[in-house]
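These are the structures in question, set out in turn.
After this come two complexes, each holding subunit A, first together with subunit B and then together with subunit C.
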Partner chain A sequence: MQFVQNFPFFCIMLTLVCAVVTSVLKGRQARWLTMGMITAVTAMTAAVLVYTLTTGDSYAYMMGHFPAPWGNEIRIGAVEALMMMVFCFVTLFSFIGGMVPSIREIEKTKYNIYCILVDLVFLALQALVYTNDMFTAYVFIEINTLAAAGLVMMRQKGRNLVAGVRYMIMNLVGSSLFLLGISILYTITGHLLMVNIHESVAALAATGAYKIPLTIVVALVTVGLAVKSALYPFEKWLPGAYSNATPTVAAMLSSLVSKGYIFLLIKFYVRVIGFDIICSLGVLDVLFIFGVAGMIMGSVSAVRAKTTRLMIAYSSVAQIGYIFTALGLRSEIGLVCALWHSAAHAATKSMLFVSCAEMDDACGGTHLRKHLRGAFYHSPLLALAFSLGALNLTGVPLLSVFMTKVTLTQAAIDVGGRHMGIVLGAVAISTLLNAVYFLGTAMTLFIPTKEGDEVLPPTVRKNPFTTAGLIGLMALNLAMGLLSQPFLSALAQGLARFA
Partner chain B sequence: MAKRKKNPWLNRMNDWLSDEQGALEREMEAAQEQAAAPDIEKISPAEVRWAQEEREEEARIEAAMNSWTEQKALPFARAMYNLLCVGVCLTMIVLLLYTVTTLPAFGDPNHPINNEVSARYIENGLQETGAVNIVTGMILDYRAFDTLGESSVLFTAAMVVLFLLRKDRDSAKYSQLAQSMEENPHSDTFYEPKNDIILQRTAFILVPIVMLLGVYVVLNGHLSPGGGFSGGAIMGAGLILYVSAFGFAQMRKLFTYKTYQRIVLLALLTYAMSKCYSFFTGANHIHSVIPLGTPGAILSSGLILVLNICVGFIVACTMYCFYAVFRKGEL
Partner chain C sequence: MQYLLVNYEQTAAVILFCIGFTTMLLHKNLLKKIIGMDIMDAGIFLFLACQGYIRGRVAPIVENGVQSVTAYINPVPAGLVLTGIVVSVSVTALMLALTVRLYYRYHTLNLDEMIALAGKEEV
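After this line comes the complex of A and B, so read on.
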């Protein structure tokens, strides 16, 4: 075994140890420790990525002295490493970019707890991406839920508390459905390790035994994880939680927490049950319908939203609709598209949240779109970052979300029939609506203020952290746009070794 | 009016005795009179009437609009909501109950869970982990990563609760909850019975026994049913009983926020570090130097005893911390 294969395990343990040590640190030390930890994890993940891409293989790593069905194990391949790489960059840059607002908004003496919860969300994300065991997945879902609910309530205002409680309740519904699902799955297969469950399920599917419990399991896990990742009819907890939180938290919740659940769902379909069996069960058709509905309804709500942050939050609903629509197409390209859009959306949405929150402060602590007029002329970097994100989500060529739309359309044309018509129509309508609200807001930033317009003085000074974070996020987005083809082909190749 | 004196307190006393109004009340009354008498000369009577009619019209329209919503729409929506809730719950119940009937029978020898996984736990568990209690061997050795995660769940929950409820130097500036607690400091602890002699005598006898039982359950986790989680819960209950009988002031001589922080830090770090060692050696197929000892002896089963103690400390402290923070807002 090569030494680099230990790195995912080092990352997980390092994150956990940092979270524990942070509990006795003061705010400033906690901040630097967390930043150093995320940087170290990013560097190690890069090494793992290079290793998995060069060998083109995936490997299992034993967590303890006992091999897999008895002990725990994690499994790392190109898909996991690629996704984790994007998530690491997003965490690092959104933590740095949102640092100054977080220092201002969070109670001074409890700042270290904010760092702990960031660490724990990051820990849970890594474990969800790497795990090869259903019960380990559940344990880290619990950590993710609790820590994320705590992060929503970081500002301790009335709205945040309400949003946090709502977030908690909806997410616990999701967790409990997931837990019910895996306990029934354990009863009919006798395993918790994903690969072993897959063997048993294949045998069950061949004999036709336990068809009803199997269908129920797939339904429970799907609904549970869909509730937690805010698929359209279950999205009511999302706008409040995302729009009121401090920018780092909004960025992490929208781009990491929900994507961790989506990645787990894809893993459940491909590695645990097997994609052929899932396709024969009809659950993907339901996801397809709700995904398409989400694409349009999310955008409609975003057009109607009063504040920019609420608009970005609702646009997340639309983008998650894209992911589930791609999943619902029942094809390999659809799967690749879903994975790619999880990464692309994570990079874009975190940049939008960070830049928008900072821009609100630069325009006098406003929340309204009209006060943002002419923001480009006093804070050009923020406006450029916001516009880049807006152009990206609208689907301008050379950027990452454009590739999503191309791949999604391609997948739909391959499937043909009714699916093709629905997807083409939904993509067209959604793109149009995206253009209305995103480009509208982005253009406001470049229109100079007239005489007599109300100009509010900025409530914050420009600072190097925001600049560094936003430049990092912009570079990440541009890189993903330019390298989309190699990224997509690596995902497609990695998917073969993912199951 | 009596003669005004230099001392304002005496003046006020005088006013009160002679039933006179003070300066403040006089001012307030004057302000009220001013507000009560608007400038009517500038408004013509016709305008007043129009304004009156407009207001009445608006009120009528609003009442008409609300009457439909209040009498028809709201009750309908509420009824539909309740109906849907009951419907969804009933569907879930029926669906899950039906699923249970299709599952393999409990205790069936051909049950899918009777496979090579549980066979190895039962047959080789004692040799491989050194723990007589197979369950402890499973959760703290075979599947230690999951249990490390579970301990972190407790840590996460404790951190969130401490963040939201613990009163700190300037909590009132940031949180409405802390603000209301500051305005009304006696909300809970003020009215509780203090120095209840029956409770104190009972606790005096019970607390040592409860704590000893907890320690026993933790230390014998690898030999008999129990372990860190259950023993820690017992010790936490002992701490809570002690604090309800003797009060927080007494408890703080022994256990403060700092103590809590240090114990949890030390326990979780020991846990994480020992598991780092065993995961690393396990995955790289390096022989572990930790001896398993004689099964059945108290010092046996390798790291399991240490881990049980760590988990016990974490659970006990977290339980007490929840109680104290929910009760009083501080440790």
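After this line comes the complex of A and C, so read on.
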């Protein structure tokens, strides 16, 4: 075994140890330790990515001294490494970019708790991406839920507490459905490791036995993870949680927490049950309908939103709709599209949240869209970052979300029939609505204020951390747009070894 | 009906889960929601625990040198239940602590009223 193959395990352990050590540190030290840890994990993940791409290898790593099917293990291939690489960059740049607002908005004595929760969310994300065991996935889903709810409530305002409670309630419903699903799956197959479950499920599918229990398992796990990743119509908890949180937290919730669940769902479909079997069960048709509804309803809600943060939050519902629509197409290109859009949306949404929060403060602490007029002239970088995100989510060519729309359309045309018409119509309507609210807001930033306009004085000064974080996120988005073809090819090739 | 009676433990577990699920989703009172959540979790734990139990066998602790696997029950579900209980207790504790904070702030346990009151606060 090569030394680099240990790195995913080191990353998980480093994050865990860092979370524990942070609990006895003061705010400033906790902040630097967390930033150092995320940087180290990013560097190690880059090494793993290079290794998996050069060898084309996918390997299982035994956690402890017991081999499968008794022991616990993680599994790493090109798909996991690619996704984790994007998530690491998003975490790092969101943490740096949102550092000053978080210092301003979180009580000084609670800052190390904030860092612990960031560590735990990052830990859970890594575990969800790498794990090869269903019960480990459940445990880290719960850790993710608790840590994310804590992050939502870090601002200690009434709105945040209520948003935290709503977040917890809906997410716990999702966790319970997921747990019931894997309990029934364990009863049917007698295994918890994903590969072993798949062998048993394939044998059962060949004989046609246990078809109804298997369908129930798939439905429970799908609904559980769909609730947690805010698929329409289970998104009621999302706007409050995203729009009231600090920029880093909103970026992490929208970019990482929900994507961890979506990645786990894809892993459940492909590695645990088998995509052919999933396609024969009919659950994906339901996902397709909800996904299409989410694409349109999320955008409609975003158009009606009065504050910029709420608009970005509702836009997440639409973007998650894209991912589930791609999954619902029951094709391999659809799967690649779902994975790609998870990464593309993570990179874009974090940039939007970080730039928007700072822009609000630079425009006098307002949250209303109308007060952002002329923001480019006093905060050019913030306005450019927001505009790049807005253009990206609208689907402008050369940027990453454009490739999502191309791949989704291609997948729909391959599938043909009613699916093709529905997807083409939904993409057209959603793109139009995206243009209305995103481009409309982006244009406001470049229109100079007139005499008589209400202009609020800036509440904060520019800071180097936000600048560094935003430059990093802009570079990530541009790189993903320009390198979309190699990224998609690597995902498609990695999927062959993902099962 | 016959299958439900034969597998009465699983039937009871599913009924408990449904009671908890509806309580958690339909009640507006936060305390009742938490109680519903615990009932729902108890249903899942009962379901898991009864999967590991095999009538006539004992807990997998080797006694009198009996090492045959046919003498013992499956210990894995019990381990899963223990882990699940730890998670469930943590979640309940956090939810209760949060409920206390919200009650001091809004003087109500009704979630809809809390949402309405929070909506009137400054952003």
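We adopt the following convention: the second predicted complex is superposed on the first by the 499 of 499 C-alpha atoms of A that agree within 3 Å, B and C clash if a C-alpha of one lies under 4 Å from a C-alpha of the other, contacts with A are read in each partner's own complex, and residues count from 1 in each chain.
Basically, contacts are C-beta pairs under 8 Å (C-beta built on N, C-alpha and C of every residue); 3 or more make two chains touch, one makes a residue touch a chain.
Please read these numbers as outputs of a predicted model, since none were measured by experiment.
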First (subunit B), second (subunit C), both or neither touched by A:G158: both
Which superposed partner A:V20 touches (first subunit B, second subunit C, both, neither): first
Touching partner for A:N72 - first (subunit B), second (subunit C), both, neither: first
Partner chain(s) touched by A:L117 [first = subunit B, second = subunit C, both, neither]: first
Contacts of A:L179 with subunit B and subunit C, given as first, second, both or neither: second
First (subunit B), second (subunit C), both or neither touched by A:M35: neither
Subunit B versus subunit C as contact partner of A:S200, first or second or both or neither: first
First (subunit B), second (subunit C), both or neither touched by A:T307: second
Of subunit B and subunit C, the chain that contacts the larger number of subunit A residues: B
Which of subunit B and subunit C A:A149 touches, first, second, both or neither: both
Subunit A positions touched by subunit B in one structure and by subunit C in the second: 135, 139, 142, 146, 149-150, 153, 157-158, 161, 180, 184, 186-187
Touching residues on subunit A, where the partner in the complex is subunit C: 135, 138-139, 142, 145-146, 149-150, 153, 157-159, 161-162, 164-166, 168-169, 172-173, 176, 179-180, 183-184, 186-187, 192, 244, 307, 367
Touching residues on subunit C, where the partner in the complex is subunit A: 17, 20-21, 24-25, 30, 33, 37, 40-41, 44, 47-48, 51, 76-77, 80, 83-84, 87, 90-91, 94-95, 98-99, 101-102, 105-106, 111, 114-115, 117-119, 121, 123
Subunit B residues within the subunit A interface of the complex: 95-96, 98-99, 102-104, 111-118, 120-121, 128, 141-146, 148-150, 152-153, 155-157, 159-160, 162-164, 166, 168-171, 173-178, 261-262, 264-265, 268-269, 272-273, 275-276, 278-285, 288
Residue numbers on subunit A that touch subunit B, as the complex places them: 1, 6, 9, 13, 16-17, 19-21, 23-24, 61-66, 69-72, 106-110, 113-114, 116-117, 120, 123, 127, 133, 135-136, 139-140, 142-143, 146-147, 149-150, 153-158, 161, 180, 184, 186-191, 200, 210, 212-213, 216
